[in-house]
């Protein structure tokens, strides 16, 4: 890093790239970036070029001399990288749409990172991230991997446990947004509050304390039930929690807990969208197309407002802040996916949790939470076991384990339909699941077919 | 115990009592019972007298001088007891029918020990068992409590953790039946096999080894999928497991695992019965009436064949064998609910598990299983946490915790309906839930009403 | 705390008081102290008055309006306190001298916080701190207890586990000094380094990282073996560690580890002092007398240089920094004794560890270390078990447990002499050990006598 | 095992061999042994032939047709073995004498399995046992390894953790003798008692219950302090425990606990022998010579009485009983070294403990003990960590780890002398420590020499 930092962004053709640029530009005075490599695959070539052109305009306007490169050759980019950020999406939005629609066809939740969809996103992504890690070991062994590809927790755990790579941080925007919105909702300055988060990605709780160290979590609970905005991500339907439950636990659940605490309503909402306006992935696809239209405008040289509607707002900003905190040993409090190390003593010591951490020059130093109440403990243990089955199945291609993950997943009612969803998803994603090749062959010979019309067409078109 | 053993049976008016007598008669040569006290409540008076008369005929026929007493005064019976067996049912079969029908009305599983029904059976029973333990501390401090009132595992955990009473064994007939039927199904003599069970009540798995110590679990799996009888309890619908799952885990799930591994089909079957022939409790009620008709016959002096259709077959026999093994330090292998002590290291050390144990003069010595694979670990941890919430709510009457138990329970889809089931069950069982008195008052004031016609009538009739 | 902070210092007549004043004066711009109460007992009356007069001169010189009160009535002082610091010494230096000399007479290590001496210091102090906590519950329930009375870790654990008081921080100057001296020894600016400590009080290790996150612990190891000053406390003989051992563990042991890693030499050194210039306590007594002579000088209005020779340098400064960080939510990195919460997963979750923490408005948030290598894990587990026996014996007066603590303590060779040391110490400290009253009576009746001449005289004089 | 069992005994030339034969002869009616292979090394050739001749006479007298083979070719013997017993001693008694005398020279305990001696016995033996396991994987993959080579616990742990071989049982005669002698001492029939043991090899405790399940451990404590014989191994000096300690723990320590609970006296006794009659190894050497004289007598065809004085009495008998119990699935209660699996939840799940187990066709099923009191927990954790360092050093030849094991060992006072003992022992055992080759070279170059005259001579003679 002698003469400035080299950043490599895998999935550089993402619609988030301008936010990432914006984040680096804002921090340039303390984070001297020298060059940024946007890496993508053949199918993402057009978008990565649009992003790169947009990025160059943004940097130029900011008045800093930072080089933007694009490449389809990941290894070329990784050589001597200082930080590698990952925001790629194996199979593009078409894959997400399959993840959402196939379960929906069977009356189950179709969601990007939860239920069957989340498991399959892990199946497609884990082999790729492990390849990236192998390249990093060879080409940039001192670099940090800053992952914000979802499901961020499982990806990070795969990197740590199977990739044997410790210099990784998993990021999520959900805690970021909570810590932005909640203070406003309860009339405090964010700087006056002490936050402590515990859990796993998309499945965490937190408590809030004021300047005198007083637990004021109840104030946030009150605000939540008064309908104030406490930071629900744009992609999650606003079904209220049960007040008696939240007051009993005295912790603030994250937005995604709705899927588990109000399954009935969340399912109804999801199926309604499936049957009418299309799943979230289909909606996002349109948003993305609009965004890239904007990015193509040669006069646009700042991050457009529309980007914040995209769902993943602040994700890229969190990545920049994390890099900044590592580079400058800022000891910022961030909530990241990192190795447990005992912070949640009832989970395996070497699994990955999403936890309040101090981000230092040596990476995240996680703050121990200690024992959890029975309910939260049980939920976390169940979800972590489901994640472990998923990760192991993603690596081995073991169908029995994939089935175990499905059956253990609280959002997939077990039984005949669950198995059909599993089988259809395997076939639908065949191109990205080489580890399950043999099983997929057999399923096809046994005549498993895709019943959802939209997905059927996507597969037929080879998407 | 100088001049013979004093047995006290709480819930003496149960239809199982003749089996219990049969068990003691068969073992009299080594287990010198002197007197048996059948205790029941006012509403069970007629049945306990029928049982007592039947018991006297059985003992007379056997030619042993054993006194049978009946009483509605539990404390009178407990004085100087050596073994106390509990087979009572708070609220009789009417309560079970409510537990089954109210969830069914909302399209959920209605089952005696699983889902909402199991939670409410615990809510009604735990305060009573803790009262019994208090009496025992005073009146028979050296006695053993042999519990086979369901949910047996949670009852036992309440006794150990909240009653602070260690001399307790929780029993279940499910492992007994498995170890009787499986050897036949695979063509072995039961004595040639080594069994090891692990889990919690109605949620355990096991492995089987032959005389050479070879793991032959796969043989049982094969027999299971060839449709052979491996001991499915009479009350559980015979939906096959997924072969890929069972072969992956290389353990035999218990019959009740169907509710979790094939939720869809088990739910369909349960709702079908609800809508047609009535729930299991309603069916059992008829069986029971037939049984007591038989017991009234002054010529009947042996356990009738029909009893084995009742569902709980071998339960009472297991109780006798357990008592025998303690009394004679027989070191029999039995699968019982007892304190974990590390046998399942990923569960709390002081919780209750159902585990292969050696039954000695000092009670069960549980055999350590060690680490479990991810899926089984996650399932157990989730279920145990749900049990902990249930037990604590049963003791404190905390509604928030009851809600947590419901939401965490894998057989109750969370959301609006779940809360309505919870509220209706509270009202339906009001008589037996003094700990929830305040909440029930509020619910009634808020106009919560019971929608299932059968239950509505039962409540109106004050049953 | 509306109109300024009220500080109460138990053991206000300590020679450290001027350092404490100095710490508050330096931080007055952000830590608005209003009044400081110096509490002591009858025997400490003269010293506390000297300290108070000195303190008033110091504050006056600083130009701040802070009131200094003295009292022998602890409850008067505690009323509405904001922070309570404890630096008292039950039995004064005479008690320490007994702790050191009696073991020395039998050829064992005589040390203030290690071996037999440390156990007896806990025996005397724990009942007193628990009394203080009871007063705090009543008189200042929102106050923080900042303890720097030794043995700081055991005192803190007693407060948390038996006093059920969570708002406590245990402090020690050893990590403070290490983090001051090591950077100088290896040629770095302290601000460039990231430190992580793990262990228990007077028994911890740490690692050091540079601004790039690189582990540079080996540099400190090299400096240590080149003889550079890396912060050995003044009271510990400078026996070098074994280089092969330290390089194997790749962690920096604390100064006190010498007693365990080089027992032979440390014992020889201690016995040599015992036989010649007197034990450390005797030396400190002279230093203290000199210090109080200085404090009496009405012209002295700044902390004198000589104080830093006293051994406990920076202790009081650490207390001020901790209070400052809580009051202002500074999120400073400090190494404190606090509840484990999983930071060291192989120790009980609810024990007290000394660990790198972030000091916030809600107190210390400890940073999880994760699994330790076998040797360090075994050492910590052994020492923690010894501490648990000690604390329980201190509370119950159970002689068997006291004996268990002695036998388990690695610095007390078990056997006849160990028991004699235990018995003599009980008699020597009779006045401060009401919990052991019965046992002491019996020992005296059995003719146990104190063999060390100096201690014999102290006891005879009633000191 | 179709036509009878093939036993292979590594270290067949041991003086225990006749006891082993006796054990098999006594059990022949249920344990149909077909052939026994006595394996030894070149230097043990004479003894193994004497043993074989004696064995043949014993079997002939018993009237059974069992073939006895001798060989120096281990692989020849292992082919198709059913049970492999290990009773070899790397370096013969000369090595033990070195283990005892070198520490004694420096005033430390010199003992076969404790302190420095035990660590070096592990260093010499572990590489050999791992070689044997590799051979077994190839030549007799279904065989059981029954180890009674000391230090039996560490050897078993090395086999399980590093050899990845689960079919192993570690045996010790200490629990056997306790369960034989204690009932006599307290006037009970052994069959009336229930025993439960917990701990690690040569470091375990137990409790005793009567037929009514009553804890009668205090009766054994009383008998112990009345001086009755409760089974102290012949090789341990009879120093009494502290009564207050044993009554506090309410567990019976094993004989070897004397070294830890009464270090002072045990050390004095050991040094006295060293200076006068020679160490235990030297004494045993004479006993062994006498024994082999007896074995040479062509008229001797039964196990001679003198053998029971040898120290290891009942060791071989325990091996036969263990084999018998596995072969016949007898479900005998035995105390064996086996994988922890949670029986002692505060030790690593995959370490080896010595624990009450049921010996079945599938091997030992260990009985869970649960949480231990602080002192016993701390002792075990410390000793286990010391064992882990020892085993890892034995495999890697890491000198730093060897030093860690020495320093952590409670019977080796750390410091200069400890390091000299370590260095001298490395040199003394050079022939058997190829893993430490480089370090030994350096030590020799640095002029480390052996100071004890006897050991010096042994080394000079190449023994």
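Labels A, B, C and D are assigned to the chains in the order they are written; within every chain, residues are numbered from 1.
Operating definition for what follows: a residue touches a chain if its C-beta (ideal position, glycine included) is under 8 Å from a C-beta of that chain, and two chains touch if they have at least 3 such contacts.
Please read all numbers here as calculations on a predicted model, not as lab measurements.
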| item | value |
| --- | --- |
| Least step count from chain B to chain C, where 1 means the two chains touch | 2 |
| Cα-centroid distance, chain A relative to chain C, in whole angstrom | 46 |
| Distance from the mean Cα position of chain D to that of chain C, given in whole angstrom | 44 |
| Chain A and chain D: spacing of chain centres that average the CA atoms, whole Å | 55 |
| Residues within chain D bordering two or more other chains | none |
| Interchain contacts (touch definition) - all pairs | A-B, A-C, B-D, C-D |
| Residues of chain C defined as touching chain D within the complex | 242, 244-245, 247-249, 260-267, 346, 374-375, 377-379, 381-386, 388-389, 392, 398-401, 403-405, 407-408, 410, 413-419 |
| Chain D contact footprint on chain B (complex, rising order) | 1, 192, 194, 196, 209-213, 215, 326, 329, 331, 333, 339-345, 349-350, 356, 358, 360-363, 365-371 |
